[in-house]
Amino acid sequence: MKLGVFVNQYTKQNDTLDRLKADKVGIILVQNGVYNATIKEKGVKSSVLDKGTEVYALSEDLQSRGLDPSGIDSKVKVVDYGGLVDLVFNDYEKFIWL
Amino acid sequence: MKLGVFVNQYTKQNDTLDRLKADKVGIILVQNGVYNATIKEKGVKSSVLDKGTEVYALSEDLQSRGLDPSGIDSKVKVVDYGGLVDLVFNDYEKFIWL
Amino acid sequence: MASKKFLFMVDKLPYKAESSRLALTHAIASQTVDIHLDEDDEMEEPVIAFVGDGVLNCMKGQKALECYGVTSLEMHIKNALLTDIKVLICKEDVERLGLSEDNLIMDAEDIGADMQSEIVPFDDILQQMEKSNHILYF
Amino acid sequence: MASKKFLFMVDKLPYKAESSRLALTHAIASQTVDIHLDEDDEMEEPVIAFVGDGVLNCMKGQKALECYGVTSLEMHIKNALLTDIKVLICKEDVERLGLSEDNLIMDAEDIGADMQSEIVPFDDILQQMEKSNHILYF
Amino acid sequence: MGKLSIGCFSSLIGSMTLDFAVKLAEAARKKGHDVDIWLSGNGTMLSKKGQRKFQDYSSLEKPVTDLIKGGLTMVACEACAEARGQHKEDLLEGCDRKSMDWYLASCFKADRVIHIGGE
Amino acid sequence: MGKLSIGCFSSLIGSMTLDFAVKLAEAARKKGHDVDIWLSGNGTMLSKKGQRKFQDYSSLEKPVTDLIKGGLTMVACEACAEARGQHKEDLLEGCDRKSMDWYLASCFKADRVIHIGGE
């Protein structure tokens, strides 16, 4: 199962996310989920970044919030809406919006 | 300051609540906040119950959710909407809705 | 002929977001989906899984109708069982929240349903995620 | 003559709930509240305090107008400073989130505001809670 | 008897927050208190007339209309309503529309304020 | 080219979730995909015509109308709309209203489904 997981909140913990063991889980950070790409609480990066084989963040949502692309974790690939559409059709089969 | 704090969510942690040091903080559990009155996660009662000098829970919201009044922590006083109005006018001066 | 399977997942609490209610009404709407499908298409009986704090939707004795004039999630869950929808409740969360079968809506015999709810490990729900064509995560 | 003081507090993130935006527009509306008050009543200049994850509203360089066609929280905060509203940002949360003055909207000189934001310990915000007649917690 | 101002920023139906505000207002009116309700953000949905009653959805048009007839003041934020496509002709009978300063003045004159934020 | 069904259950304006859905739909249409949008719960607010544009509020009536003209299908849940006082005459041009089974059928026929829950 290629599962795309939209994380739309700056969330500290989510039971479902913690328990997922899909073959290929991709994390797609959108809306306030993009804070997970940059903010290091007490110096520690978000645990959301460790869940997926791939992690993406939506550029429009980063920019809206004043998040500096240079501060983004190197693991995170930045995509725009066009790139997101390609991810949706080419890289994942099913999606959940947490 | 007599501060009434409405807790409307089944919340694990809230920065503001943790930091309050008012002379008299009363916790008023409403909506999904009422789960804090009964649910013991992993056997431990909600930390919200330790924050206020007084803790109240709205009876209509307990009943709507199927929460058994006999399972309510002994610290919690159950009030209905009429009782809530008296609390608002007689016991507290200011309110925040978390 | 195409046959497809849908999983409805609920991790939201009841009576705060409308999500859990709409998850159930949408799942029950699968009863009438045929009118929109081609003749040789078929939708399998849907599965609805309560996970995380969402298992609190399944508590017995909800008096939302009496208190707020709105149907309870309990009534919706019983309607789902009546229409033969598989209702799964995540075991790990039931245990974490200190609940048991005694607190939860395990059947709807009172309205004549044969189907029963099942408390299952998250791994079983993960299997349902894998088997389903689409996941509607409320 | 009555004089009253209001505190606006924001702990919600921007662009998800409308809360932080409405906190600012309501605070700024204090400019025109006189028309509804008795002649000898006076509302003191309001204070707006960002606490918890709400301090993320104060980040510099928000491009919401360019990306979504909607004014940014940055523009609202600058307007608040321009109308001499006291803007407090909770120090403990700024530090927890790894932020500093460099990341935050500390002034609105570009639009001619004299007022500056202040990063203050939560205790100072608590004092404001005590001094205020009403707290509008967004 | 006192005066209570309730600010509601939460959406209709799903959240049950407007149900809470309406029931609190009913109880306060029964005890003889004055009550103002301010609807802003998604809360303005409550000021839309013609809400159809279904048992699966909480339904507030009737209790709110009764409260207004009984002397409660309800005012919706004009800009928030317009942005949602709710115009003057959509307004619930007895409900008014004003700008945000009205709410601040209502709080100014109130003994107690319960400000209920958005989702 | 594929077909994408987007279900939106989130409210207008504040959450920016409908903005996300509309921008995703625009991008998908540009790449030649078919897109259905289902509005349910508070999401039905997007199907209300006459949304006034202010810069302080996200404003979607224009881009949505353009998308519909360009071939996107948008349907709102009839009961959810009625419960909010939105009637047939309030409906955005080109948008339809149906019962929930329509959405399931749309998902059935879709290659990809993005179901965006409520607040």
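Order as written gives the chain letters A, B, C, D, E and F; numbering starts at 1 within each chain.
By our rule, a residue touches a chain if its C-beta (ideal position, glycine included) is under 8 Å from a C-beta of that chain, and two chains touch if they have at least 3 such contacts.
Source: prediction; values computed, not measured.
Using the contact threshold fixed earlier, the set of chains in contact with both chain C and chain E is B, F.
Here B-D and A-F were compared by C-beta pairs in contact; the pair with more is A-F. Distance from the centre of chain D peaks at C, each centre being the average of the chain's Cα atoms.
Taking the CA centroid of chain E as reference, the farthest chain centroid is that of A. For the pair chain C and chain D, the distance between C-alpha centroids works out to 43 Å. Per-chain CA centroids place chain A at a distance of 38 Å from chain E.
Centre-to-centre spacing of chain A and chain C amounts to 28 Å, using the average Cα coordinate of each chain.
Separating the centre of chain B from that of chain E, both taken as means of CA atoms, is a distance of 24 Å.
Shared interface positions of chain C, defined as residues touching 2 or more other chains, are 15-19, 25, 53, 68, 134-135, 137.
Annotation for chain A: residues touching 2 or more other chains are 8, 31, 60, 94-97. Residue positions of chain F with contacts to 2 or more other chains are 13-16, 23, 41-42, 56-57, 59, 113, 115, 117-119. Because contacts link the chains in a way that matches no line, ring, star or complete pattern, their graph is best described as other.
Listed by chain label, the pairs that touch are A-C, A-D, A-F, B-C, B-D, B-E, C-E, C-F, D-E, D-F, E-F.
Looking at the complex, you find that chain E touches chain B at residues 2, 4, 16-17, 20, 23-24, 26-28, 30-31, 33, 111-117.
The residues of chain A lying in touch with chain C in their complex are 1, 3, 14-16, 19-22, 94-98. Every residue of chain B that touches chain C in the complex is listed here, in rising order: 8-10, 31-32, 35, 39-43, 60-61, 63-68. Those residues of chain E whose C-beta lies close enough to touch chain F in the complex are 11-15, 41-42, 45, 48-54, 56-57, 59, 61, 79-80, 82-87, 90, 118-119. For chain C in complex with chain F, the residues that touch the partner chain are 2, 4, 6, 12, 17-19, 22, 25-26, 29-33, 35-37, 41, 43, 134-138.
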